[in-house]
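Per-chain numbering from 1; labels A, B, C and D assigned in written order.
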């Protein structure tokens, strides 16, 4: 009912776009709730960067699809099963430690990904990735600094940061899944097969955890499905909130 | 120096009452910026287009930034941010009452930008020439950003007003709800504003409440006409002789009610703020503990 | 943009319907979260009763309006500013004490209201009210029993129940507001001017609070506006969740 | 008595292993009812019509009721509900693995009703004749209600399947996702189901896993045809000779993964349940304290 009808090329770009869009939406939901004003600034900045990446990617996906869909059509008028983001970005955070843990796991994946995508054969993808890599470098650094502070801060912050990692680690494997879409994108030069990014991610994250006196989780569970439009139950609520107003005024512009 | 129209700087001598008045005003202004993030933050996740979402998000982020400058300006007077936040959270310092109204529809993002930011600019532009340097300088930057926000708000309303009938109605409804509270932002009428005279003498304030209010109305009326929206005041009329738009009576009872806690969102705004602060206590403690450990490590290594 | 265009008759019936619909929606959101299984049964039962009252009332409002709108059109396709429920029913509960406090304040108002409405000149309203009064009698009793248990239970439950009353009391006055709509409804025999119910409500609730060792709050604030479609900021999220799926499939039936 | 096909009642003597097996099975069944409220509860606030909302709400309420009967049946064996809930919350007793899958669209409400309740009924109808009286009687009532739920689920899917193309696709997608997990509800194949033989000897169970699974498939295939939906099994074919629908290989690795914690919602379901229980502790304590006070007052008055 969803991704099955789109080409591998469109699906690949949508995955990139949806990761950025959905994480921006989650971070935007944290606005005015940060532990200090500087973090309201920092988190909204990250959200703005991600939204700024999502928009040209959605537009590009619409162009590649060739059905005349705009960035807003794709953001506001797709059903949940047609969103191709990884599940990690949709998981609602329950405290600041989870916000940071999610950002750490995701940025450590997105940074090397964007560095390679900067040479994509698709000019839009390459442009977003080149500019985006600089932004994500900051996102990663922000997450690393807070991981150190929380991991090596107080007993409570250590406990919370470790718990946040335990909760989110099951969503990490999905970032590196290969399938027909990623293989086709890698073959054509449009994209990257993310399996190749795994070793670097492991080394990067492990080093941060070690310095932060945190332990790498060993979860039983491995989430999967987001890339095929199978999401967590939290996703429907995120979309209901995001899309409701737009869908309430069919055909209107804003 | 105040009398000589020069700037007072942090290290200059200043009368204690002048310092206290400034601290109170700058703190209230800073609190207004951060409480003011809530009514607009309420619509970021629901913005009807990605472009509007980005603009709104950036605007709310700017407000957090304004809060930061203003707390810094207050800190030059020997108080610290944590102390001022405690006073806010305890209900012992105020923020602008306008933020005790709810944002009910997307059009409120337009009305807040156009009217609330518009009124704020009229209030604040004179402060860019106020007698206390750090406050004046913070205000220069803030006013520049707020002009930008005001144009964005106007643009949101303009688009809605010229959109579908539902969008036009939404815009009109928002203006109907925000107009009078915006006029109240200039404070009570001059004959009931006891502190104004002193603030004017000290050049913390440069125009009276009623003067500023009139300036705002004179700006807003033609803008409303350009928007194709009406202002909810049957008494509004052009006074040819004076060269001013005359407005009807303001409901000062409502103003007093909202000021003293009986506004639609007073409790909600403060609770939200206090909860964010309390939920974040462990994070701030962790940052302090980490900084201390790092400092100790640096000393040990030295 | 909202209630201004509807007649007093339609507005009156919509107010009744929206009170029941929105409270049913709030209670439904508590499903699977009750402190014990019996309460999952009881609260969903109350939600079902209220939903069962809302549906014929919405249908009737649509008939009186004469624009061909069905119960679902009115529930799913109205904007927030056209919902005429009191704010009390839309306030999200933060713990079980607030669920109970809201139900106590509302049922003690709805029960005498329905008893009078059972003689409404409108047959649908009369029918809903007659059947509904029996249901609400149970809702009230359920809320009273729990108010006693929580008020006169442990120190913690007393503290929470008192805090819940403090939070919700500002929404009580709105239940008894008179305006052109209520006066017209009372004059025609369609409805009741709720101001007349206030003294009975005070006596009823005060007696319960006294037995429960609780103190009647004296809040500064008095919420108002719901009857004119001016709601709390929580309402938009409630509607986004409730309406999103329906609005995502324009014209579909279910 | 078991051998003589008579009913065992609470006061009858029973072997300890029989009692333990029954407690485990009834508790697991009760836990499944209350955990099973979550995937459907997930859509009550979003149901696309008020009629469907009422039906779904009533269904989830029925499940809570089933939980109550079943815990009562278990209590006749000398354990109490609080104890069983503690075992569930500690992860020491199971619930049906089917509820570890998420409900992603409204059509899942149809698929759960049709397939999951359908499979449950096939599993449970024989239990209405099981050797332990209270369990058998609870099951009579439960099966009656579940038949009703199954018809409602079928009806939801039928309506979607014959609705807009998007609705049809939604229905097909739900059946694609729920078909194989439903077949897994009958448990591992007979040659890998060590406890089955004993349960059958004790007449707690009356048919083997594979027998029940076949019975379910034979019922479901023609119903799918009536729905206008396909089942996601390329090997599905009618075996004329045997009079059965033959199905393809089941992914028992997936079954094992979900059973041992690696399902999409294992952690979520249990956390939700534990949180509700913990958040409600103060309420249960208040009820107990109040009841004690009331009893003391009654004694004092007597």
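As a convention for this text, contacts are C-beta pairs under 8 Å (C-beta built on N, C-alpha and C of every residue); 3 or more make two chains touch, one makes a residue touch a chain.
Quick caveat, the model's predicted, so the values are computed rather than measured.
Engineer: How many hops, at fewest, get you from chain B to chain D via touching chains?
Structural biologist: 2
Engineer: Select, from B-C and C-D, the pair of chains that is joined by more C-beta pairs in contact.
Structural biologist: So, comparing the two chain pairs, more contacts are at C-D.
Engineer: Starting from the mean Cα coordinates of chain A and chain B, work out the distance between those two points in Å.
Structural biologist: Averaging C-alpha atoms per chain gives centres 34 Å apart.
Engineer: State, to the nearest whole Å, the distance from the C-alpha centre of chain A to the C-alpha centre of chain C.
Structural biologist: Here the centre of chain C sits 41 Å away from the centre of chain A.
Engineer: Residues of chain D that touch two or more other chains: which are they?
Structural biologist: Residues 46, 166.
Engineer: Residue numbers in chain C touching 2 or more other chains?
Structural biologist: Residue numbers touching two or more other chains: 79, 240-241, 244-245.
Engineer: For this structure, give each pair of chains that are touching.
Structural biologist: Touching chain pairs, listed by label, are A-B, A-C, A-D, B-C, C-D.
Engineer: Where on chain C is chain B touching in the complex?
Structural biologist: 1-2, 79-81, 170, 220-223, 225, 230-233, 236, 240
Engineer: State the interface residues of chain B toward chain C in the complex, per the touch definition above.
Structural biologist: Per the touch definition, chain B meets chain C at residues 39, 42, 46, 102-105, 166, 169-170, 172-173, 177, 260-268.
Engineer: Which part of chain C faces chain A closely enough to touch in the complex?
Structural biologist: 79, 237, 239-241, 243-245, 247-248, 250
Engineer: Over in the complex, which chain B residues touch chain A? Could you list them?
Structural biologist: On the chain B side, the touching residues are 34, 37-38, 41, 44-54, 57-58, 60-61, 64-65, 67-68, 71, 106, 159-160, 163-164, 166-167, 272-273, 275-277, 279-291, 293.
Engineer: Tell me, which parts of chain C touch chain D in their complex?
Structural biologist: Within the complex, chain C contacts chain D at residues 21, 25, 28-29, 31-41, 44-45, 47-48, 51-52, 54-55, 58, 71-72, 75-76, 95-96, 148-150, 152-154, 156-157, 160, 241-242, 244-246, 249, 251-254.
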